[in-house]
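Paired with subunit B in one complex and with subunit C in the other, subunit A is shared by the two complexes that follow.
== the complex of A and B ==
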């Protein structure tokens, strides 16, 4: 007996324009999430509610601005490693290591006396922290060929628990007894732009990183090596360039950039660390994966993807206030859009035919 | 002394069983060549499903466990179908399923928790009594399951097909193995075991539920499986180590005066170390992963003839290329 429905996948003569798949994935993924939310909430969260909060997310620019800027930085950071086909899923850990060291600078070193020195040191230390955390996963990847995906992922949990420990055992504020650290001094708080949630420093940081990474891929040999790493590591090997070193650099630079996002998050959004960090996190490290993927690994696509994902992030948090349940909605969004994207990427180079046999 | 040791061994039986089943399921999935990064999401989802179903059925364990297994198996078949039928990345597909699993888990669990809160004295789960011989049965079951899985993978026809699909799907297909069907089977069986592991983890170990219960434990099962080279018998050893670590966390913590949060970190550190040890020593060659694990397997198909098409309804996605988009 032959199954009456079959699916045939045939290569296209000409690939589709690259922007079709992300847009299609967004639309289809959102439809899937709406159906999931509708069914799982027993009809309480209607597609209308979801659309309304998505509209709110897309249009409320003041609220969106901080998420947008942070996601651009994290997205660029992940893009650097993704370009080399190094799948850094540890953005969350690198981000929080950056937050941790920035908080240390702001709270416990003398650098906070001066605004400029304090903020610069925060960003530099966060950069080092992110780089270090990424390097820990990069070393086994480069020299022992251990898959970086599970390692970077588990490093996220290790980072969470280290920070939880430090908050509770060492840095806990004594005055009110809350489970959190003291608020960072006024001099180290980033200067908010009137009417938005975005700070000037964050904006500058975002633009600087964007330009630097663009220059790196455009003009430096390192950028070229990272790109070749993904398509043809043997070519690197045969031209005498160390593959190990290229892998190390790709992941470490990635962690560096994400660590800086952590400092910006502490300086302009959270101002302190509260326990337990794994429940308080906005999950930018994970949402950034979606940003990098949806950008089609094009630098110019990152801000566009960050705007869309930032809006959906805001929308998801908005829905959870309406009672559909926790950060769950954001995860449903991320999951269904990513899944649709991962599958639909096929149609950019292949045609899918569903064939139903006539009886 | 002896009694104390037996007490320790008995006490960890439920965690041991949960880890062993999840790691074994993961091993079976990966034997068929499907890189499984969805494990943590599906584990968390089956934890939530088992909990919710136990609340709704007033602690009917059989139905709760079965539901969790079925939900997990559906995810497994989807994953296997996508990565075998389409030329797409195993990693991206698995990770997106992980996020979906996390999200769905919260949506499933939260309403059930509200219901549990509104009913007086409703508790879910079944605690294995260390003084009754139930834990011995659990250990015997683990060994029997291990032997059964070893037999299935190494001695049966379907096992050979699973291994062939993992080593070289193209050659397997040429020899008459239906790779898609084999991977669907391995995906369903493997994920059903992961779901069973999740359900046992929830119902006989955690027994309460809050958002995020079980997160990270799927990754531990992943590491357990990797560090035993996906061998059903060696898995017994490695999962017992991790089960001990997780179960006696509080005791270890008290004994050596380690803060709680650092103790929570231990299994993850151990997992990474296990992977490093596995890959840096000769174990790596002895227990090599399937050759085609995570590789895109895709048979390009030829255009069907016009005559063939006349006998079919063809639903085509090529309208995108017909519309002039530029």
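== the complex of A and C ==
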């Protein structure tokens, strides 16, 4: 049977200027958020309140700092795969697998006896965990051409369930009976910079990753290959470069970077794992997607986008504390902007035509 | 009787007092770093076929894109039927009866031929009954001699058939002016001449055609007038019956035109066998065998030219040699190593250059810069890219091949069609230190550049003792370049001739037999 109506998507001959989309997405997304919040709160949260919170979010740098740094790392991680047109939606899973393995190092191995060794091992194991989790989606993508979007997305839930199970059934602390693990030893806690929520280790990690990824895209064949992967994989083939391997590397390096963010989160923000893990963070893996998109896939744009999204996150928490809406307020912002962005980017590059077939 | 650009206005003496269907007045268009069109004045008359010629980057495509509303001119005025118009988009152009048929067909693969055409019409609130669409397609395909079932989905069509669908859509849109930008350059010879017949008929019935091609004889065959562009200026317009190939060449290339020759290039000195193909069987895109038991030898210091009509297995053979297509049976031996199961990467690291068919699709990445398009090939960079070295290499290539570009950092998509090809050819000839494998290595290049490229290939074969395996649909090219001519037909080699003994009629006969 054939449908009498079909939809065709055609690429525009003249796409809109590219910087319009992120700016417009932000503005339109925020207006939509204000309307949603106004209705949700039964008229209590006015657009004025929202603007005030946003102002608070953008100016409260100390509060913003940790979210900013984590978002920069996750954003860069996603950018690595997005640049190759590999859509890693699995940042959440890779992040939490990083958290899990870092917690394992801190709680159950002997490495915690020494600060430097402990922290380094945490970061290394988190890196491997993120890479491994991404690799599980990268292998079928590279060699069987199975779409990475649903696979990486599903892997997030698998990660949630594994970690929740481990917290509840294996690592649960005995003393008070809470649904959480013991707190990691002092030697493995990252050192906060006075007056902020940011730790020195996290800051260093962010800067190092930024510089390394910048070097990778500027000076290595791998970086160039990942970029050409998105613009013309046929050229990779005729040049004698393995498309499979390039896909594999793009996605695995992406997971590797995001996994490290997980270690930094454990070391400087949470200090333990608690059940249910998926509700304990603002969802860095998903917010990171927005960061990567708003950066227009330019490395320099990532910190800017992370600042904006981090500020909106703080603003959301502020509104939440003020009493409007449920726990989901933060996600109203993120969701509205991401959705607006997706719609805008689609209509800026493509025209959608509905065709009624006549027989 | 070419004249200086300054006097080009007075040069054109209109054949009658009738109003030109298209008149361009002082059209100027600049892109960052280049003046693509500089004060163009041109008149085009109803019922004529008007050829636009000029070297690569002369501004031909820019000119027709302006007529089709893809670019808008910085200065100047377009008149249609004597009335000033502004063409801001292809929509505007089509409403004025101007339709462009592009090199890469813009039709939607998932829909059937009919649906595509109906869709094209509905955009303009024109509703053609399916019956009319069908009869028009049948009418046009009869003239052109290509059959199309209107209910098949487009992805199943051949390149020729897709081009035809585009033209039919244009005609049903009421096209009075057809713009063909190298649109039929890629067609096999025989279909090409049928297309030309159709174009002639369209003009005889009052239509107007502007056609861009690099083949001067073809332009002389089909066109009434030829306008030559050079560096964004009109060199002159001449009626075909009062001119000669030599004159047109002179207008196009100036002094360089004397270097154009189709004489056989000096012979190579074949030595030991470098590439050996034994009883090769390779499947095509649709699953049946495209190469059927081919055996072939290429020696160092020798050009082996594969002659054949497009679609007789040459493409698949070349791809199999480059290890880009699976070999079902048989063997490929390179430098005494069996490479049947080795990778393209292995060949690249062993000094093999490769010029694929459809350069923009397989040979370059148009979003990336010239530098990046060079650095991506493993021959030129290891894990860490030495940009200084790549840059020096790029500048050398740009100079030697006269690539028209503001600089090596320019994204390839901003170059003209022929200049994109030059980047590819320059890169691959530099990479070919032991062997060159190529399919239509001079396609989209202007005549002077094409001959220059052939000379460079031949000099590498003679002086650097490399081997070359070159398939080409252009027999002139095969005869000019080859030391050994191999004819391929239906996936088999049906004739092997030492170039000095090969006869054109015999080769042509074997090609279509």
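One rule holds in what follows: the second predicted complex is superposed on the first by the 322 of 359 C-alpha atoms of A that agree within 3 Å, B and C clash if a C-alpha of one lies under 4 Å from a C-alpha of the other, contacts with A are read in each partner's own complex, and residues count from 1 in each chain.
Going forward, a residue touches a chain if its C-beta (ideal position, glycine included) is under 8 Å from a C-beta of that chain, and two chains touch if they have at least 3 such contacts.
Just so we're clear, the structure is a prediction, and the values are computed from it rather than from any experiment.
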>> On the A-aligned overlay, A:289 touches which partner chain: subunit B = first, subunit C = second, or both, or neither?
In response: first
> With both structures placed on chain A, which of the two partners, subunit B or subunit C, ends up touching more residues of subunit A?
Replying inline: B
>> For A:28 in the superposed arrangement: first (subunit B), second (subunit C), both or neither?
In response: neither
>> For A:150, using the defined touch cut-off, is the partner it touches subunit B, subunit C, both, or neither? Pick first, second, both or neither.
In response: first
> After superposition on the shared chain, which partner residues are touched by A:169: those of subunit B (first), subunit C (second), both, or neither?
Replying inline: first
>> According to the stated criteria, A:332 is in contact with first (subunit B), second (subunit C), both, or neither; which is it?
In response: first
> A:192 contacts which: subunit B (first), subunit C (second), both, neither?
Replying inline: neither
> Which residues form the common part of the subunit A surface touched by subunit B and by subunit C?
Replying inline: 8, 10, 13-14, 353, 355, 357-358
>> Under the stated contact criterion, what part of subunit A meets subunit B in this complex?
In response: 7-14, 16-17, 20, 36-37, 40-42, 87, 89, 140, 144-146, 149-151, 153-155, 157-158, 161-162, 164-165, 168-169, 278-279, 286, 289, 293, 324-339, 341-343, 345-347, 349-358
> Which subunit A residues qualify as touching subunit C in the complex?
Replying inline: 6, 8, 10, 13-14, 219-222, 224-225, 227-228, 231-232, 234-242, 353, 355, 357-358
> Which subunit C residues qualify as touching subunit A in the complex?
Replying inline: 70, 90, 108, 110-111, 115, 118-119, 130, 322, 324, 343-349, 354, 356, 361-368, 372-373, 375-378, 381-385, 387
>> For a test of understanding, state which residues of subunit B touch subunit A in their complex under the given definition.
In response: 37, 41, 82, 85-89, 91-93, 95-108, 110-111, 211-212, 216, 219, 222-223, 226, 259, 261-262, 264-265, 268-269, 271-272, 275-276, 279-280, 298, 300-304, 309, 311-318, 320-321, 325-326
